[in-house]
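Chain lettering (A, B, C, D and E) follows the sequence in which the chains are written, and residue indices restart at 1 in each chain.
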């Protein structure tokens, strides 16, 4: 059996049903543990005070916001090349999740920005490229919503996702060029020296795991809903002609 | 392909002026900004390069939905798609016609309108060069967006939403080059990048546009 | 008349979102300006009221051509004109539907977007008030312009050209009131004038719109 | 019910028809005939009041006329039922239940109008006439794109419903509707080349 | 000249027709018949290559087909001559002189296409076929809005010019064209309600 058969709608519905509760359960567990640990059992930062704890929402959501788009890109490519309906629907299902992640990152960042930089918003490259990403998400979702025919919509949004990815990277570069910025660089790197202190670092990892699980659970759930909607449509079309 | 360009240009002139109106919109945006922002000279001079670039971008944007929508509605597009003209040529011809009717006049008029915003002296040449380099990218990217939304009744605003984020890099490098000129810095880097974006869009995007057109016509 | 408004709202929601998209355009213009002008905080704060007003004006403008053009093309407008619904009611219903789908969401979103441009604190309330007062004028004036250009194939840009000068007084008073708020001056005078413009446009322009509609349909 | 006396009308500033006079009684239909370009559309628009007559009078009771043009006025993003109930409420009426059967739309009620075929769209456009309840109908090639069966269905509705309840209609068409109605050939009324009344006449 | 074998096609993601097989020889026309909504437009679009077939083959020499839809593709802001010469140059040809006479457009040559009546516009749309010189024509209700005289003119052109020089045509129509051509009734080929190949089939 090739792994692609898992993408057959019926099989997909089959194997995701048992996975779903585990994904939600794991997400709930990790998020509870991570957030409680992070909020109540880590010391305040010596400079930032307790505001530093926003990091437990901010960083995971920011990571997921980017990775969601990446996942949509992969799913779109699969649809364009192999025409598995479920992959197109997974991309469609992921977009609103990505929007929410982007919004969480933007809002937590803004709330954090007020104590740290004395402003809710600055045209920092990192922030700015997030805003652009948000626009790409909006356009993607709006295009899905505007087209009636499901396959046409899948094709067009896939091409948009591809072209959009190229331009999103370009914008990231352009924005860097345009403004040096306030936002700190990536500190979750593998070489340990750069990293935040361990006390912050471990609960953060747990939170990231929680967000990943939550993302998986939400995308599976939404994809299942989309599959059901298509099935309903197909059945109704058949009934209408009988 | 030449026939298609010639027809589109003729239609632009006839149908109440694809030519004049993009320009007029540009003019009006540039005129409105001082009403909104206030007449102070320094403020205006400071924001002039950016506003001129944003205004040309909006003017280019506004005329995008004419590119395919009219041909779609009256059936020409389906007929063209069955004609011995590859979809890539259609995409390129449409982008070129859009540039000639919009990008080129905008470019030529921009330095004139710079006066209204007290654009500082050294920037005029750069404004012309950046627009000349950048507007072809605006036209090809816009044609792609227009092809994406062609089947949708009045996709006009959806089109804006799709195209504007794609315009961001072009805008940043274009406006940055002019600003550097104003500040006496070297504009070479953004100019090169702008040229690279334009070259890549003109070379590659027509293929994406053609794909999307074929999908939308079926 | 209620039926017409309900239908237009339903179409706006169905046809890929007359609602969301005017808003999206507003957002995008506000986002683009810093790319053009540069990220400096003081500059942005200085021009924020003006840019927000100009952007809402452009967003309102962009959705004007939907008001009558679609109905004209598919023949509904001729059928409506022979229906027992005075042209004045059509004009008013169309303006109202436009305001609900565009003016209202713009007004509600504008304070949020003020953040992005570092709009100074005292101005948020005023921005909301001026937009609430001013957008009905934008919709009625725009409806008049749309009626003027309805017969013309893609009158979109011509429409902009006709309507924008008519928008100038609204823009001036609206932006001025917000700027006065920022500077700590009393905004009463421009607010009163803005209210007067809106009251007059809503009361009188539908008659002009109706006349123009009748002429364009014959 | 409808009286036309000495009518002349113009299109694009050029006089097209002149000297037209006819009466249509209640319960009667009049079929307009004439080659392409003779002026049928122009005449119907004039009768419906969409454009002014050059000279002459058109008389029918105010608020009883309705016009149906080459274009159908169908909103593709609305369902069939929504399209009809919109027109019903514009005319302050309810959608009669039998209208779906009369125009063979029963199976299509919940379809978006944009997904209808050419002929189905046209049937929807005609069903509007059954909804608005007007007495004096001006119809411009109502049966374009319809198959033979649908043409007959329309003729039946016209004869058995509309005319039977005392309405009247002026119908431009190129085909035989199977209605027992008088025909008016328009060719004899084509405006003479020196006819008066064009837009630019004052400059001659 | 045109072979169709085992063709099935869909519209809006729903299978509409299936099991269609027919040949059209050079010099021959095939008239498609069927009630509104049976799938004539869908079939013609599939034949012309505008939409993919669900299954089956359509074979004709590459670069010989042309399609004419319900819509005419006429630019209202261009003159009649300009419209035709545009299509001629897209197909790399010259406008033959006799085409104006063949479609009764001689008097209208210099008119803006937007000022033509419905039937005159349709004649212009048909004249395009005489200009592009394609052999395999797919025509969707070509005679809509035409008066009897123009229908005959079109049939004459089809018989005496197009078919006579070895072309062929598939024509969907509801009226009698007066062509001596075989007819294909599409009703028997309507896709069964459980036909395969719809967009959403994978989800059943």
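Structural remarks
Operating definition for what follows: a residue touches a chain if its C-beta (ideal position, glycine included) is under 8 Å from a C-beta of that chain, and two chains touch if they have at least 3 such contacts.
Model, not experiment: these values are computed from the prediction.
In this assembly, A is the chain whose CA centroid lies farthest from the centroid of subunit E.
Of the two chain pairs considered here, A-C and C-D, the higher C-beta contact count falls to C-D. Here the CA centre of subunit B is 37 Å from the CA centre of subunit E. Taking each chain's centre as the average of its CA atoms, subunit A and subunit E sit 49 Å apart. For the pair subunit A and subunit B, the distance between C-alpha centroids works out to 32 Å. For the pair subunit B and subunit D, the distance between mean C-alpha positions equals 45 Å. Among all residues of subunit E, those that touch two or more other chains are 12, 70, 76-77. Shared interface positions of subunit C, defined as residues touching 2 or more other chains, are 15-17, 21, 24, 28, 31, 35, 38, 73, 153. Across the assembly, subunit A contributes 132, 135, 138, 142, 146, 148, 178 as residues in contact with two or more other chains. Chain contact summary for the complex, subunit E toward subunit D: residues 12, 34-37, 41, 70, 115-120, 122-123, 141, 144-150, 174-175. Those residues of subunit A that touch subunit E in the complex are listed here as 8-9, 85, 148-151, 227, 230-231, 233-235, 237-238, 241-242. The touching residues of subunit C, when paired with subunit B in their complex, are 15-18, 21-22, 24-25, 28-29, 31-33, 35-38, 43, 46-47, 49-51, 53-54, 57-58, 62-63, 65-66, 69-70, 73, 152-158, 160-161, 164-165, 167-168, 171-172, 175, 179. Only residues 48-52, 63, 65-78, 82, 86-87, 89-92, 128, 132 of subunit E touch subunit B when the two sit together in their complex. Remark: subunit E residues 12-14, 191, 193-194, 198-204 touch subunit A in the complex.
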